[in-house]
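One structure follows; several queries about it will come next.
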Amino acid sequence: MKTQLLRIDCPDAKGLVYAVTGVLYRLDFNIISNHEFVDPATRHFFMRTVVAGSAPPEAVVHELRQVLPATATVRLAPASKRPIVVFATKEVHCLGDLLVRYIDDDLPTHISAVISNYADLEPLVQQFNIPFHHVSHHNRDRAAHEQAIIEVLDQYKPDYLVLAKYMRILTPQFVARYQQRIINIHHSFLPAFIGARPYHQAFERGVKIIGATAHIVTDDLDTGPIIAQGVLPVNHAHTAAGMAQAGRDLEKIVLAKALRLVLEERVFLHHNRTIVFE
Amino acid sequence: MKTQLLRIDCPDAKGLVYAVTGVLYRLDFNIISNHEFVDPATRHFFMRTVVAGSAPPEAVVHELRQVLPATATVRLAPASKRPIVVFATKEVHCLGDLLVRYIDDDLPTHISAVISNYADLEPLVQQFNIPFHHVSHHNRDRAAHEQAIIEVLDQYKPDYLVLAKYMRILTPQFVARYQQRIINIHHSFLPAFIGARPYHQAFERGVKIIGATAHIVTDDLDTGPIIAQGVLPVNHAHTAAGMAQAGRDLEKIVLAKALRLVLEERVFLHHNRTIVFE
Amino acid sequence: MKTQLLRIDCPDAKGLVYAVTGVLYRLDFNIISNHEFVDPATRHFFMRTVVAGSAPPEAVVHELRQVLPATATVRLAPASKRPIVVFATKEVHCLGDLLVRYIDDDLPTHISAVISNYADLEPLVQQFNIPFHHVSHHNRDRAAHEQAIIEVLDQYKPDYLVLAKYMRILTPQFVARYQQRIINIHHSFLPAFIGARPYHQAFERGVKIIGATAHIVTDDLDTGPIIAQGVLPVNHAHTAAGMAQAGRDLEKIVLAKALRLVLEERVFLHHNRTIVFE
Amino acid sequence: MKTQLLRIDCPDAKGLVYAVTGVLYRLDFNIISNHEFVDPATRHFFMRTVVAGSAPPEAVVHELRQVLPATATVRLAPASKRPIVVFATKEVHCLGDLLVRYIDDDLPTHISAVISNYADLEPLVQQFNIPFHHVSHHNRDRAAHEQAIIEVLDQYKPDYLVLAKYMRILTPQFVARYQQRIINIHHSFLPAFIGARPYHQAFERGVKIIGATAHIVTDDLDTGPIIAQGVLPVNHAHTAAGMAQAGRDLEKIVLAKALRLVLEERVFLHHNRTIVFE
């Protein structure tokens, strides 16, 4: 009996949990763990259930559709390693951390490739026997650069794109193509210090705590739905560069945490906010 | 339709959630929020559900008992203010914090009385128009002292006894009388620094983080099931007294957090560990 | 030999620590603890030293002025309880926390009075035998209201004004009158969510961590120099009201922390940032 | 003018800061940053000063010795990359993190070699072009095994040995040979859960926060002076294995933090406690 992951979201209605668990019961599935949430403002229902059973997934989904509202999103799939492509520019710490986690089998993912607009990180990535694609943005307009990236991505068909300190802005067209599938780490405690050089902004403002934010990329780079955040105390003795150094540990840990949540199917998107079943 | 709180715990079995939600559905209850957990080691099932409906609680519990294992614990009660009695000795911070929360209506509780083995805190408590009982332990053996306390408690019939820096050890007989109903704050990050003067122990050991632990009191004062813990960084410049001062904020916040969890029926006890549905 | 607190700030110059400690040595002062900092960007020097000795403070300051740059700020004073006036509106938690700390002798301060634009908190304050002044803003323009407040303050001559959830904006004239002497608690992780209803803003943005910020009040209410900040994790299940409730503990702890730092003379203001010697 | 690091520790005496800064002033050194601490219990003085100047270090130390107590420890050295050897067993996360930091130039160190009692990590280390020494403990008694390790170490003469989840106990003889130069990461919030399988112990005890502790190794593996600690919240849903997984991030961050503090000469050892100038 294989472990499978059931995700449902739909408008709330009376008896939903009863209806869903009834289907699972009749099909002889065992519930291993179960999270539900109803957003009180919009009366929308979210459910993530780990089940064990042997009925074919298509049959289960079909049965569930009979008892759920017509607009429900229903997915049942085996818990599996999801392929990702990591984007980086020149900074080592987030990419390096993901590579070590990968060989440590710490995340349910397969890193299919790394794409960068610079060649600096190529030796590191090759040490890990992962394809590295240097797609330079020099002498290319944004559309042409993204087209070149898309051609690389088409080879790998990743489930998620992970921006591990990738310092290029993406076009709305590119983001739309990989909707809800791009994860970014922003080196500030969003929504504070949106935009360029957030550690310099934090220093100028004299904050006593700095943060990092992992989020789903939507059109606007720094305002997408937040998946995870982390913070670290700083003081007057931290220069902007000192904050940036301290922030590196934060960034890599928060990005990895968000990626784990996404890969384990714990994140639902709802009206620019996330429901995260931890 | 009144909001009510349903608590169930029993050995796990296939279809439990289905069975319970079926009863709620048939009795026309609406599920407002729902937490379930199955302890993987012991296969024990825990459920806390906030429901709205008008069927009489006795009928609902009766119906639920039909579908649950015979050994199940089932309770359905309106969310309400639970009476407590607070125990203190001489320290102000935890008691004072509870008193301010009380007039601020911050916790779902009614503080029926305060009991202390010293008279020092009497003026403070009287300012808040709460009965203060000075039950001295002088010239009384432990049994006689506890008997005097029990006589006070019998006037109030509190649901919980809250030890807000009460510096007396309780006998197993007393603890047994109020089983799972005594909450204590211990001024260390248990199980480190069990026993007397934990801040001195922490200082001697040179720790860089101190903690506080709120727990259910069982026979052994410092080893009861943990409800909540908190921590605070310290450094070499903290003396034991400096750690104690810094720790006061921690103690009052952690005790209040644990008390809120208990009063909101979010805490289940299982084999010396707690399941806490936050 | 009384313990005294020496504070110096001036443009940096070679040999400053040598010069200052030389004066202290010649006047037979013992250094108990010592903090120095030179801001690398502006080359400004800050020093806070706890000393013990019997030479008269005026003589020491005179000697120090001989060896320091002409523009130096120098202050030597016994560590003492500083009088404050607390401002509140209707919320209990920050004011109540300060009152309990006051009777617990937890902060080096004397609370001379409480001023509020509503009468709601009067019974609480009177329980603590502290004068309560209800200075209503009804039927008064802002200038007249502040004039009435100033008249109350003139009775007490407090060193600091502590805004414990005081929900009125202060005029630049008022702020200028008590320059660098007004401490405010803002219920967000500044600079995020400046302005009204920050918890609603935080909820709308879907943040995973909320914060509170204690700062010195300058002209613009929410942009003054930050003294201390604190944070707390939240999740999708927190409504704006739930965040506000969770935030109350944060607000009172962060305000008390900042007030302690100010009262212990650990805070220097420099170009809209603070140097805090913890 | 090179930046140099001055470290002094000695019994406290009146005028020490004056005397030391006087020497620096006369030799035309500029103080860039300065930390002092006097342990109140033992009246011992600690000082770490970053200075810039061109006088030869030997001359400076000679001058300082004239003004300091005879038992003073005085060291002046250029801030430089210190060679280390990393010990590991089979776990990837701490070692991998150090390797990525190394190529990222994140720590002031040169990793001379990695020693392991298993061969599992050899491919990873070789990817980073760092010598890997597999020194098996099979068919060797403890003394013979350590002798083989010492022979490897003698090739590299490292300043520090970093135990990155090295799962072997060291003999007092070995520890004495590298006194105050061995840094270990212990996967618990010491002194809680000393000994084997701390995550299992933490799970059994039902703690709500787990920790990791980096410390200097003394005779007794888990009781050496603490350099840095970190914590992470857990709950009833964490199995011992789940705690261990969550703890991996903690362990690597805390170990790297402690190593940075040691390499930057910020750690003084005093009576089984550390003074850490952050």
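Going in written order, the chains are labelled A, B, C and D, and every chain counts its residues from 1.
Convention: contacts are C-beta pairs under 8 Å (C-beta built on N, C-alpha and C of every residue); 3 or more make two chains touch, one makes a residue touch a chain.
Since the model is a prediction, treat every value here as computed from it, not as a measurement.
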item	value
Of B-C and B-D, whichever chain pair has more C-beta contact pairs	B-D
Cα superposition of chain A on its sequence copy chain B - rotation in ° rounded to nearest 5	180
Same-residue or different-residue interface between chain A and chain D, half as cut-off	same
Intercentroid distance (Cα basis), chain C paired with chain B, Å	35
Distance between chain centroids, defined by C-alpha means - chain B, chain D (Å)	41
Residues of chain A touching at least two other chains	33, 37, 237
In the complex, chain A residues that touch chain D	33, 92-93, 96-97, 99-101, 103-104, 106, 124, 127-128, 237, 245, 248-249, 253, 256
Interface residues, chain A side, partner chain C - complex	37, 39-41, 189-193, 205-209, 211, 225-231, 235-237, 239, 272-276, 278
Touching residues on chain D, where the partner in the complex is chain C	14-15, 17-18, 21-22, 24-25, 30-34, 36-38
